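When the chains are written out, they are named A, B, C and D in that same order, and each has its own residue count from 1.
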């Protein structure tokens, strides 16, 4: 575990200071793990957050047209309700706040606890839960699917809707629609080390990959020998499309595509994969409206990637295209 | 039994000591099925309580429980922070009128804690969580009070139920939390949260019995 | 060497296809390694390029306000003159083309050879050579300093100047000024593997770092034990400032700062370093006008970082702030 | 000697064969002081020439040299592509009027190649580059022609000078190319470009002498 850092226990605080020093449009609420927009605006507030280690998620998405605040916990650890409450306060202009939660029970519990307290302060707040990872079976009984890179699209959609002046109910409705229309899946070529654990969550041989892992070093649904980019594209996209088809037709669909790097994978490889994914989609007569290639939702120094599709309609397109000033999602 | 805030704080110190001594073991449990931070979370939370022991001692039972809840919630983070936080906040409500902790107050407090965790976590028993230690303990407590056992027997039954419950998580499948993403749903591994919860209850009983 | 790819010999071609598929504003000139803007504009053309493996450099900087074309060779291998000539042709609207060359003799030879041929075609072209790496002694006798991450600032400055309608001579002059005002230096925590070589250019122990390495896996000026972020900030910035002082005063200077990741280093660490670098600069009373944190000039899967300072005057500030539409440098 | 284009193409085939056989060795030289691709570069370039052998054979000496230069420049890439490309383009100019390659034409061709590389690379002898093989070879060629040696002796002297020159790079410090970024400037290692250049010259001489 080799890192550019000082005392490990200060890494999140120092990171957040570094973020605020890099971006004059945000402030860092020290001791609260919150990065918030400096400019307050008269609209529904949008916040997101969760454990750290996924940078640029979530602080890199704070900016006009996207998030009003990001609440950051320790590495892969949900922030506590007090921090989230601070995020809600920062984002609330009186029109209410929408919280975008990734579907982990730790996040769910902390965010909803904060919501309970916020309501005691007479604040309006509500939430959507992103569960885009099709590697895991969906379920209403257990926690079900994880939220992974697709969350970034929900930030963008909700942010644009709020910026356009929609009410909390409307913003939530559109964000919910986006959640319904997003599917992701990933493969890892190497794991990552959570400082507290000190050893990787799974170990891969030189010619192995892990299919369908999460973004916290937890193992996936299975190992396989390392496949070519063309094969990886097929494994991921076919599974995603299959899952879409259970609830919505993908015939002649238009989509936004995200090829997301998990942290240590060179952009070169992400572009090679993009080439294969787009060819696969073209063969399936699915039209790619917009493509995003880069490190959007990472897992420390994990190498590998995920593919996300967001099925678009006119409203979602408009939200996706709306101007955005967040450092890591400029439109 | 008839515990004051000062007594409860002594118990907090005792459980914190115990946690300090079992770091590697608890960490290894969470590393096997989760993200490995459960011990760091819970240990740092109780160390924080020990730091503010003087302040806690001076409070009423209810206010002390509330302060413990708020402290754990913000110091611990993760899943267990909010769950313990919710539990102690609920305990504060249940102990609103109580000047000391008698066996009946204890029953109300534990019941409130159990309900709060089940509600916040949206879990049932047998889903491989800390509930599987506290749920059987509360059952044992209620039944043995109703059955008219003496206090010592009641407490021992409660403690045994908690320890057995924690051990039983080994065979369970996880439905919540990180373990449910494992291919085997964590079967074959103890749930770290259930183990630390059983320590809470065991140490509490030991504290009273050796007092 | 684990990579998301198909046949290794096709990786550059497939990457460039993937880039063109991700960005509808550019075209890929197949067989020529050139990514060029689709929209041609009546201004001085700006091109850059070199070996691949530095993504997003250089194709990610093709866009309005920055480069008109990027010429891509094989991994860490200069593109040949024919490819560069294609880049010149793509960028040339009749007002001439400025080539931004990193100071490697392979690049220098291929770009100037292309320039000779372009002149035979009656095209006006000229070049600047970026040599920002202060780890290496400067020299007029040998090749001297390498060009590294600071090159991205030169792209931006020259691109803005050209966009503003300046002549080739003027654009070159401003770009030259930027080159004079840029200094960089880096450290590596792990090396990278050039596919053709199959083994890393240097090997580091678990507690070692390499100071002042280049961006091709070549070793640096020395190894040291792994330092803290605060110490790394001091090592790099003090050396950069010392070097500035040889030719220009840094008292009360204003600078643009780039904290560049080499490919596999999590953003978290880059932000921690940013925090330390900015504190160091504050103590030296140097004002940071703008900060860029991210993977701008990488070396495959190398982990580590570089720090770049660009000393600013009014003209350079204006150029830095000018709008820019390149996918990896949006302003 | 009196070589036609066909002869020269036979020599190209011979040197390409030789390169094919020494991949590991040349790669290890460039891996030690550079980026390890020199053999891939040069080998792929000459394979390309062998592929278009029929086309080359049919050209005049000058046109053939030009075609070789253009082909190497675009097929090889890196430093050696543009250097060999420049060299052969210069050779094409020098051989403009020549129908065959005599010893005097050879002298002009090599001199032109040497000048082109030195100019394009901005290098002098003793700077640890391919120049250090071709420069002494051209010197030997010129002197031994002037001294009136017979052709065989001239060729052998030229070849020996190239081989010795390549060996001498081991002690030199690099001023250009990647080796100059090494802390020791590459001292103690042979320059890969000088070695492959010496093979060019040696094989050329072998071809003529065994023809």
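Just so we're on the same page, a residue touches a chain if its C-beta (ideal position, glycine included) is under 8 Å from a C-beta of that chain, and two chains touch if they have at least 3 such contacts.
None of the values given here were measured: they were computed from a predicted structure.
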Notebook entry, point to check: How many links in the shortest chain of touching chains run from chain A to chain D?
Noted result: 2
Check: From the centre of chain A, which chain's CA centre is farthest?
Finding: D
Notebook entry, point to check: Taking each chain's centre as the mean position of its Cα atoms, how many Å separate chain A from chain B?
Noted result: 33
Notebook entry, point to check: Roughly how many whole angstrom separate the Cα centroids of chain A and chain C?
Noted result: 29
Checklist line | chain B and chain D, separation of their C-alpha mean positions in angstrom | finding: 80
Check: By residue number and range, which residues of chain B touch two or more other chains?
Finding: none
Checklist line | Junction residues of chain C, two or more chains touched | finding: none
Next item on the list: Take each protein chain as a node, join two nodes whenever their chains touch, and name the resulting shape: line, ring, star, complete or other.
Entry: line
Check: chain D touches which residues of chain C in the complex?
Finding: 73-74, 76-83, 104-106, 109-110, 112-113, 136, 141-143, 146, 194, 196-197, 199, 201, 214, 216-219, 221-222
Next item on the list: Please give the residue numbers of chain B that touch chain A in the complex, ascending.
Entry: 27, 31, 35-37, 40-41, 73-79, 81-83, 85-86, 120-122, 127, 174-178, 180-183
Margin query: With touch defined as at the start, can you tell me which chain A residues reach chain C in the complex?
Written below: 2-6, 11, 14-19, 21-23, 52-53, 55-56, 60, 189-190, 206-207, 209, 226, 228-230, 232, 259, 263-276, 278, 288, 291-293, 295, 298, 300-301, 303-305, 330
